[in-house]
Structures are given as structure tokens and as C-alpha cells.
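Please find the structures below.
In the two complexes that follow, chain A is the common piece, with chain B as its partner first and chain C second.
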Partner chain A sequence: MRKVACIGAGMTLFRRRLQETPKELCWEASRMALDAAGLTIDDIDAVVFGSAPDAFDGIHMKGENVLDGCGGRRKPYVRVFTGGGTGVFSPIAAYWHVASGMFDCVLVVNEEKMSSCQPHAQSVFGHIWDPILDRPLKPNLVWIFAMEMNRYMTVHKVRYEDVAAVAVKNKRNAVGHPCAQLADPNITVEDVMNSEMMAWPVRRLDISPPSDGASALVIASEDFVKKHKVESPVWFSGVGWNIDTTWWTDRDLYFPEYLANAARMAYKQARIDRPRKQIDFAEPYDPFDYKELHHMEGLLLCGKGEAPTLTREGVTQRDGDLPTCPSGGLLGVGNPIAATMGIKVGELYWQLSGQAGKRQIPREIRTGVTNAWGDLMQFSSVVVMRA
Partner chain B sequence: MTAKVAKWPGTELSAKEFYEKVTSVRFRPEAKFAWSAGEAMSRFLAELKEGRLIARTCRKCKRVLFPPRMFCEECFRPTDAWTVVRDTGTIETYSISYIDLDAKRIEEPVYVGVVSVDGASPKMGIMHYFGEVTPETIRIGMRVKAVWRPPEEREGSVLDIRYWRPLREGEK
Partner chain C sequence: MGIVGIGIVPFRPMTPEYSWKEIMYEAASRAYEDAGVDPRADVGSFITCAEDYWEGFGIFDEFTPDQIGAVLRPACTVTGDGIQGLAQGVLQIQAGLADIVAVEAHSKISDLLTYEGVVRHALDPIWNKPLGGHPYYVAGLEMAAYLRASRVTETDCASVVAKNRRNALTNDRAAYGARIEADDVLASPPISTPLKSLDVAPLADTAVVLVLAADARARKLSSEPVWVRGVGWTSDSPWLETRSWRTAQYAQDAAAIAYRMAKVRNPRQEVDVAEVDDKFSYKEPQHLEAVGLAKKGDTAKAIRRGDFGLGGKLPVNPSGGSLGCGNVIEASGLHRAAEVVLQLRGQAGRNQVDGARVGLAASWRGVPTATGAVAVLGVGR
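So, the complex of A and B:
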């Protein structure tokens, strides 16, 4: 397989409601990524689009609806979808477009507009449940997070304060992000603990907000990088993805085995055998604060049940030994589901190319890892990148 | 590059602007569905109506699969036989929900979680409600028993079980 790099990134503001249509958001993010790479749409051989279920936008086949905004007109164009895992999965799809030798330069665009869904995106989340076993119980999607968080906290005897500390860290980190929706320099653990109870043990500030937004990356081959004399390319060194069965009530939720499998796949390709030593920082998927901890363990960055301790000891702060979510994460920047590519793979790119501005990790970094998570608590996608 | 961008794209709308200005159009889909329950689930629902929980066994991996299925996803072969499991089990995890499916607040919280069922393979269960518990008494590992609706009220639905209550002293 050929070497593949990210050579440009762009994203829109993440906000509860944006005026732009999905197509207009795609255009803005695409234009920004192309400008950053110093390219035009004529340099792009193929386009990959990623988005969560059509039902959020209320437009079926939304891949076709937005393709003009993604620069997909009269090009090989494909939409990929792995639920909440799409944000890190569509860049993997773009990666294999290039690694395979089929294309030299690919634009990957992710978009989500959750404000369209009335009165709240939750009503559409209800459609992902099994119609026979689950839906008669009128489930809210927050339930599954609450159940997983409770199981995780109970098995490892985790204190709620140590989970809330993740929300505090990420919302504070987001202060440096120009697109952030919920950055807060003064938030405290007490604020999180005193926020409204949604579904015990999940409180309002444990959850990332629904958002509108789009992001885009330019992905290119080594030949292309050399020919165009690209400055500071950031290389994909490993990719992985893995899914467990939909029978989620048949497994122990305390550990995401599917993520560990995806991480092992990516680490094997990246020649990483001691992740904690060889990885400098991480952007674990953080739609909920406990998920960052769950995903640090699933990414094998620490032992099972150790992530809360690392958080408490400050290891995961931006100036710590293993910074996590220096972007501000979904908790701080926002959660337009697939568009979180901009704060996951996008943040790896910006950090590793030294372009993260106020968010830049204050020491030399060489290797970063990120993941996203989706479907019914069963799927994860992993990307390892190197400067 | 982050530092070089003067204005990041995107125009924020307040709720007032979104709902009161000419910035949105509305549509309500009229989609309706009737799902065939399938081979395994049709039998499962029929047994619920009779007040029983049923599973399928796989001879190869020796698992008792609950909820039942006609093929084993692990061995990727047909399952072999029906077997009735018990209506007692263990709380694997739970939540106490203060919101409904539209994320609106509800008056009385709902106790919901995963119950693994006795007689099935370890950790195999369903999501369901818990009752006769309080935030102080409910816990992971609690032994519970199904509270069934009276036979004349059952419809062949997971709601034929009203909820799962703690096992009482002396009950097995």
C-alpha cells in the first residue's frame, strides 16, 4: 500500500443552529480545506462524504443532496456511514482510496445538521432501536450511555468526580478552539455535578451538545505530496475498524472490546507495540465524559480502570504526559456527529503540523491517535497519524 | 493555519431567529411501518403471551442464546433447539431516567436497565424496566423477578412483563 498524508483541513463553526444548509456547510468546509492545501477542485480525483442517519436532516439520500457542496460533481463520489463512528471512518475510506493507488488526491467532507430535527434530535435517535425488543419501552438514547457509564463506574469503583473532570478539562481546552460551541474557561467539577440530572448517572454537562457543522480534509499520496512540494504533510500510519453484534444486552458493557480490536489493527500497521510509550497524544471520542475514559482504555493507552486516575493526576491535560482531547473534544467544541472529523482527525493534523494555535501541545509531538464510536454501542474506528 | 483564518464560516441563528424569521420551512413525514417479527421473535412474542421466556441453543458453542435467534452469530450456523429459560435474573446495569424519548422532563423517573436471565448463558439478557425499587435500593448485581401482566391483558409484547422487581426473601 502507498503512503498517504493529510495535507489540508477545514471546518465551520459548530453551533446549535446554523443558517447555512447542509450543502452550503459542505461547501464552506471544502473550500477552506482546499485553500489550506493550496489546491483547487480540479486537483481532486475523488470525493468521500460522511454523515449520520438521513433522518436528522429529514432528507433521504443526503449524500446526493449535498454532493455539489463537496465538489463531487462529475467525479467518483461515495458516501460512507458507520453511525457515530463516521467522523473517523470516512477519512479511513479516503485513505484506502489513495493507499490502493486508485486516486492521488481525495477530498473527504463530513456534515451534520441536527437542528433540523424537531423538537429535538432525540426523537430520531429513537429509530435506531430494535423495533420488537427495545422500542415498546420508549427508550431515550441517553439510556444506553447511562447504562454503560454505570456499568463502567461500578466495575472499576470510579468516583463521579473523576468522570466529571473530563468534561471540565475538555470544555476548558475548547477555549482555544475558534469553532467551539461550549467552551468555558471557568467551569468546575461542581458545575458538572450540580447540573440537571438527565438519566442517572448522566447529568446535562456530562453530555456533548447537538450541533450543526461541517468539516473537510484533503488526503493525498506520497507522489502527490512530493510533486506539489507540500509543507508539513501529516501521515496516516495505521487505520483500524471493528464492530460487535447488535445484541448489546448480551455483552459486558464495561470494556469496548471492538475498539481494542480496531486499535490493535491500527497499531499493527503503525508498528506500535507499546501504545502508552509510543503515542504522544490522543483525541478519544468524547460524546460523554465517561466515554473519553472508556475509549482511552479501549485504545490500550492504559489498563482497564486506570483512565480516571490518569485524569485525576493531570496526565491528560494539554501540558501533561498524555494530552487527551486538546481540541476541546465533542464536550467543548460540539457534536455535529460526523462533522466531528474536524476535531478528531482534523485535530491530529493541526497538532502534528504545528498549526493548532492556542491549542498547540507545548512540546514536541510525533504520534497521535484518535477514535470514533457508533451504531448501537458496537462500532469503533481508529486512526494513527505521524508528523 | 488555525491562526491565519480571520473568520470561520457559519452563521449562528438564535432559537428566536430560527422559529420567527423566514429562515426555515416545515415538513412532517407521514411514514408508517409494520414489521414482520421474524421466525425467532414471533415465537418469543407468542411465549411472552403465555408468560414464558424462551431461548435457542447452539450445540457447537454450547450457548443458550437469549433473546432467541435462528442462527448463531458466533459459529455462523443454524441454532438447534428451543428452550424455556426462567423469569428471574440479575441486574447487569441500570439507569434512572428523568427524560422521555423526546428528551422532555418526566414527573416520575423510570428505572431501566439490562437484566441477564437465569438459564441463559452468562450476561445474556434484555433491556427492561425495574420496579419496587428506589434510587437507594437498586444496585448492579441485584437479583430480580419478572412481574407479568394478567394473562387477559397480554398482547405478545415485551410489555407483557410490567417490570422486574427484587427477589423476595426465600424466593429463588
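So, the complex of A and C:
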């Protein structure tokens, strides 16, 4: 199997972007990634696009609509879709484009524009439920994630303060991120606890904000890296993805078994058998603060129920033993669903190539892991990268 | 890699007794039985080809795993045509991520009450959608441009319809087999001149699953697997205003990639049977030219000689195509690849093309896209 590297990344400001169309956001991120890699669109053999529901942008087949913004015209171009898991899944698709030997250099672009959805992006989530059993109950995402959070806290007897500490850490980490939407150097656990109750036990500051934005990565083969004398490529060492049953009501939500499966798939390829020892830092998906804890356990970085303790002890701080979400994560930088590729796989690239600036982990790091999570609390994608 | 199993649910205009899950389950069961694989143990990756708006869900990917056997296994959605999904399966196997991949595509389009509105929703929201009208005007305009640029006439297109619907009469899987003549097509009511109602493939429901396996596994599973010799997929401009209207550029580019991979130098001599997209009648000759199976300028003559009929020089759409079987949206390409598999296995029944060794399937994602994919399949060697 060919070695595959990330050789450039780009990411737009995460905000309500009323001035730009989805296509323009794609163009902006693509241009940044290509500039970072010192390439032009002519160097790109194929393009992969990632985005979550079409209904956000309000365009049927939105992958087709944005394709020239991603540089896909007259190239092999494909969109992959795994709900919220797309942020780490489309780079996996770009990986297999190159690892297959069919392409040398692939651009992967992820975009989301949630602000055009009125009155709120949440209205789209009214259509993600089973039409017979779930929809008549009129659930929304905050509602079911509150159930998952509560189940996790109940099984492991987790205190709310330890969950809120994740939001505080990530919003503080985001202070160094140029694209951040909700960075706050002074936020405290009390601020999170006192924020508006959305659906018990979820408070407003437990949740990442909806956003608009795009991100892009340039993925290339070892031959391409050598030929173009790329200075600091960051290598893919393992990829995995996994889906659980649609019937979320039939699962015990306290542990993401599908993520553990995806992690095992990626670790096997990366020859990792003791993840906690062999992985230097992590970018687990954190749309809600409890999800970071949930995902650290699903990624097998600690035992079940141990993540809150690691957080309380400062192990997951940027200068801790296992820096977690050094980017600031979705909680601090923002959550334009698929475009969070820039703070997940993008952050792995920037950290491992020493380009993370103010966010750089202050010690030598060699291996990082990230995941994204999506569909009906049922899908995860995992990428392990090495410097 | 080889195709070791196929499952096709027979096409019908409506399938009220099936849910989308049940129709997918039936196709998957047929394919796994045909391949002799256990999806829970053998299949390493599952790919579904679907678009949210066709399905009526915010995130359709959620609703795919149970009925195809993908629970707690690697599975994903490709929001594209079935041959694009097949191509992703090929890449996954080549990359060593899976040994066996199941590719699924389906159409439950009869559930959709607002087909016209959904298609219009795919037009550019600023420049094109506000113009109104049935979005098939895009096909009408393209047909007019193609007819002007080629020697192909409205009557030639009408004879394509007559051929494909007649082929469908002897295909058990087809929904719209009929004995009609070119004159019937010419006399049918206009949709968007020169496009007439019988030039348009009627919608149908189905589900199709293909099981792909790496070379060694394919040889173990099947005495004669159908090999995927080449795949290609590309897109032309999404803008109506800046794309190529006369030539199906996407099909030409996709075929170039697939032929390079398959080492096909002279497609007209090497391909024995072709299933090319015919969601509209003119698309068949336009696609044949783009993939190099008809020579620009000679296509009209070849149609009139009957070259593309069953028993002709190069049988095209012996299955009946979309015109005869039905337009099954994203499943169209995968279904045609499956029909080519049947031809190469010698299992195409009364529509069998004698001695077919190499076949081509070419897809198009329909109005208003300029995206298509090509697969070159073969047996032996």
C-alpha cells in the first residue's frame, strides 16, 4: 500500500457568512490549501467534497452545485456523506483515492453554510428521524444528546462540573485560532453552569455554535512528496470508519461501540496496540462538551468513565500529558458540521508539521488521532497521523 | 477486482408494499446469495449511493445500515450515481482497506410527490431556479443543441425509444416494455421542443446491489467473475451557461480514464455490448459519441442501419435502458453495470448478446448535472 501524506491545509473564518455563497466558501478554502502546498489546481488529479445535509444550503445535489468552487470541473469529483462524521470521513475518501495508486494528488474540500437555514439550522434536524416512530415526537438534536449525556453521567457518576470543564478548556484553547467564533480567555466553569438551560442537563455553553465555513486539505502520494520536495508532510498511518444500527433507542448510549470499532480498524493499520502510550495528542469530535469525554473513551485513550478524571487532573490541557482538542475544537472554533475537518484533520496536520502557531503543543509530538461523529449518534470516522 | 454477486429488484412504476428499507434488503439478499457471501462476516465495506432530497430525509445515511447488513461495520454514502459508488469500492479494495465491498443504489422515487420541485431545487438558486418552468427544459435545450450539431434527427431519437422499449419487452426486470414505433414517439405531446413526452424515460422504483471482491477472493468465490477492467468518473461545469452542450464532455473524460485503466485503445472494436445512459432519447447517441462507441457524423447512419439493435454490430441497451426499464435516478448506473454483468455471464436470457466478452456501462446523473461515470467490465483473459 502506498504511503499518503497531507501536504497543505486551508480553512476560512467560521462565522455567519452572509456575503458568500457555498461555492465561494469552497473556493476560498481550496485556494488557501493550494497556496499552502505551493500548488495550483492543475496539479490536482481528483477532488473529494464533503458536506452534511443538502437542506442547510437549500440546494438539491449540493455537491454538484459547488463543484467548480472546489476545482472539480473536468476532474474526477465525488462527494461522500456520513452526516456529522463527514468532517473526518471525506479526508479518508481522499486517502483511498491516493492509496489506491490511481491518483497522486487529491484536493479534499468540506463546506457548510448553516445560516441560510431559517429560522435556525435546527429546523433541518426535524427531518433526520424515522418518519413513523420518531418524527411524531418532534425531537431535536439537543433533546437526544441530553439523553446521551445524562446516560453517560449516570452510568459513570460523572459530576456536571467535570463535563463543563471541557467547554472551558476548549474555548480557552481556541484563543490562538485565527478562525475561532467563540474563543474566550476568561471563561470559567461557573459561566458554563450558569448559562441558559436548553434540555437538562445540557446548557447553552455545553454546545458548539452553528456556523458557516469551509476547509480544504491537499493529500498526496509519497512519490509526489519526493518529487515536489515537500518540507513537512504529515503521513496518514491509519483510517477507520464504522456505523451502528439506525435504532438508537435500542442501544446503550453510555459508550460509542461504533467508534471503538472504527478506532480498532485505524489502530490496526497504524500498528498501535497501546493507544494511550503511543498517541501524543488527540482531536476528538466535541460538538458538545460531554462528547469529548465520550470520544476519548471510544478512541480507547482511557478506560470507560476515566475521561472526566483525566480532564480534572489537567492531563488533557495543551501542556498536559495527553493534549486534547488543542485547536479549541468545535466548542471554541465553531461547528459548521463538515467544515470542522479544518479543526480535526487540519489541526493534526498543523500540529504535526509544527505550523500551529500559538496553539502549538509545547513539546515534541509524533502521533495524533482525531475522530468525527455523525448520523443518529451512530457513526464515527477515525484518522491517525504521524509527523 | 471482480464482481461476484448482483441483486436487482425488478423495476416497477410504484412499490407501495415496500418501504425503502425492504426494497434495499431484497436487493442485498439477492446479491449476497448470488455471491455466496455472508455480509456479517465477509463484507469489509458497504457503500450506498443516495441523495437526501430524493429520499426525503435530512441525513439519509442514518437509515442505510440495518437492511444491508452493515451494522457495526464500515459503511458510508456516496451522494452520486451507482457507478461513482462502484468506483469508490474499487479504490477501497485497491487501497487495501477492504477485500469485499457491497455497493447499493436504489430508487423509491414513487414516494416523492414533488419530483419536479426537487429537480428544480438542483438548479442554481440565484441564476436559474427563479426562471421557473419544468426543469426538463434543460434537456430540451440540450437536445436542440445536439441535433443541430450532429446529423442525428428527431426521428433517429424516436427510433432509439422504439428500440429500447422493445428490448425491455423481453427483459423480466423492465417496467416499460412496449411495442411502439418512431411515429408514436414523434406524435407524443411536446415537453420542451424538440423533446417530446415519449423521449423521456418514465420513473421507476428498484434497488440494486453489486458485490465487489479483490482478485484472489473473486477467484475463490466464482468460477468466472466479471472483472472491473476500468472505471472513470468526471464532471463538466455545473453552470448551464458554461458547459459543453453538444458533446457530453463528462462522459468523454470519464471514458478516457476508464479506457486508460482498462488498456482499451480502440473501443469500437474492443467493446461487445454497451449500456449507456438514456434518461432522454438523444442521450443515447450523444453518450455513444462521447465514449467513442459511435463516430461523430456517422451516428445517424449507424442508428438507421440498426447497428445498435439486438443482433446489430454493437448492441446498445439490450436491457431496454432507462427508456424501457425506467429511470431509477442514482441506481441507473449501477443497474446498467449489473445488466452488463448478466450479459458477460451469458445470463441475459432472450436479450443475450452472443459471445460478449467486454462490456461498457456509462451513467449520467440527470438534469441539471453534467456528471457521469463509466465502467469497463470483462470476462476471461
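Please note the rule applied: the second predicted complex is superposed on the first by the 385 of 387 C-alpha atoms of A that agree within 3 Å, B and C clash if a C-alpha of one lies under 4 Å from a C-alpha of the other, contacts with A are read in each partner's own complex, and residues count from 1 in each chain.
The rule is short, and it goes like this: contacts are C-beta pairs under 8 Å (C-beta built on N, C-alpha and C of every residue); 3 or more make two chains touch, one makes a residue touch a chain.
Computed from a prediction, not measured in an experiment: that's the story for all the values here.
Undergrad: Examine A:188 and indicate which partner it touches, taking first as chain B and second as chain C; both and neither are also allowed.
TA: A:188 contacts neither chain B nor chain C.
Undergrad: I'd like to know which partner A:18 touches here: chain B for first, chain C for second, both or neither.
TA: first
Undergrad: Regarding the shared-chain residue A:124, is it in contact with chain B (first), chain C (second), both, or neither?
TA: In the superposition, A:124 contacts chain C only.
Undergrad: Could you look at A:58 and tell me whether it touches chain B, chain C, both or neither (first, second, both, neither)?
TA: Both partners.
Undergrad: Check the residue A:245 against both partner chains and state whether it touches chain B (first), chain C (second), both, or neither.
TA: In the superposed model, A:245 contacts both chain B and chain C.
Undergrad: Tell me the contact category for A:40 with respect to chain B and chain C: first, second, both or neither.
TA: After superposing on A, A:40 lies clear of both chain B and chain C.
Undergrad: Pick out the shared contact residues on chain A: the ones touching chain B in one complex and chain C in the other.
TA: In chain A, positions 58, 126, 131, 245, 247 sit in both the chain B and chain C interfaces.
Undergrad: Which positions of chain A touch chain B when the two form their complex?
TA: Those in contact with chain B are residues 8-9, 11-20, 25, 28-29, 32, 36, 58, 115, 118-120, 122-123, 126, 131-134, 136-140, 142-143, 146-148, 150-151, 154, 178-179, 197-202, 212-213, 245, 247, 249-253, 350, 355-357, 359.
Undergrad: Going by the contact rule at the top, pick out the chain A residues touching chain C in the complex.
TA: 1, 21, 52-55, 58-61, 63-68, 72-83, 89, 93, 95-97, 99-102, 124-128, 130-131, 239-247, 257-258, 261-262, 265, 374-376, 378-379
Undergrad: For chain B, which residues are in contact with chain A within the complex?
TA: Contacts found on chain B: 1-3, 5, 8-15, 17-18, 23, 26-27, 29, 33, 35, 37, 41, 45, 66-67, 69, 73, 92-103, 109, 112-114, 123-129, 135, 140, 157-159.
Undergrad: Would you mind writing out the residues of chain C in touch with chain A in their complex?
TA: 51-53, 56-59, 61-66, 70-80, 84, 87-88, 90-92, 94-97, 118-119, 121-122, 124-126, 232-239, 249, 253-254, 257, 261, 365, 368-369, 371
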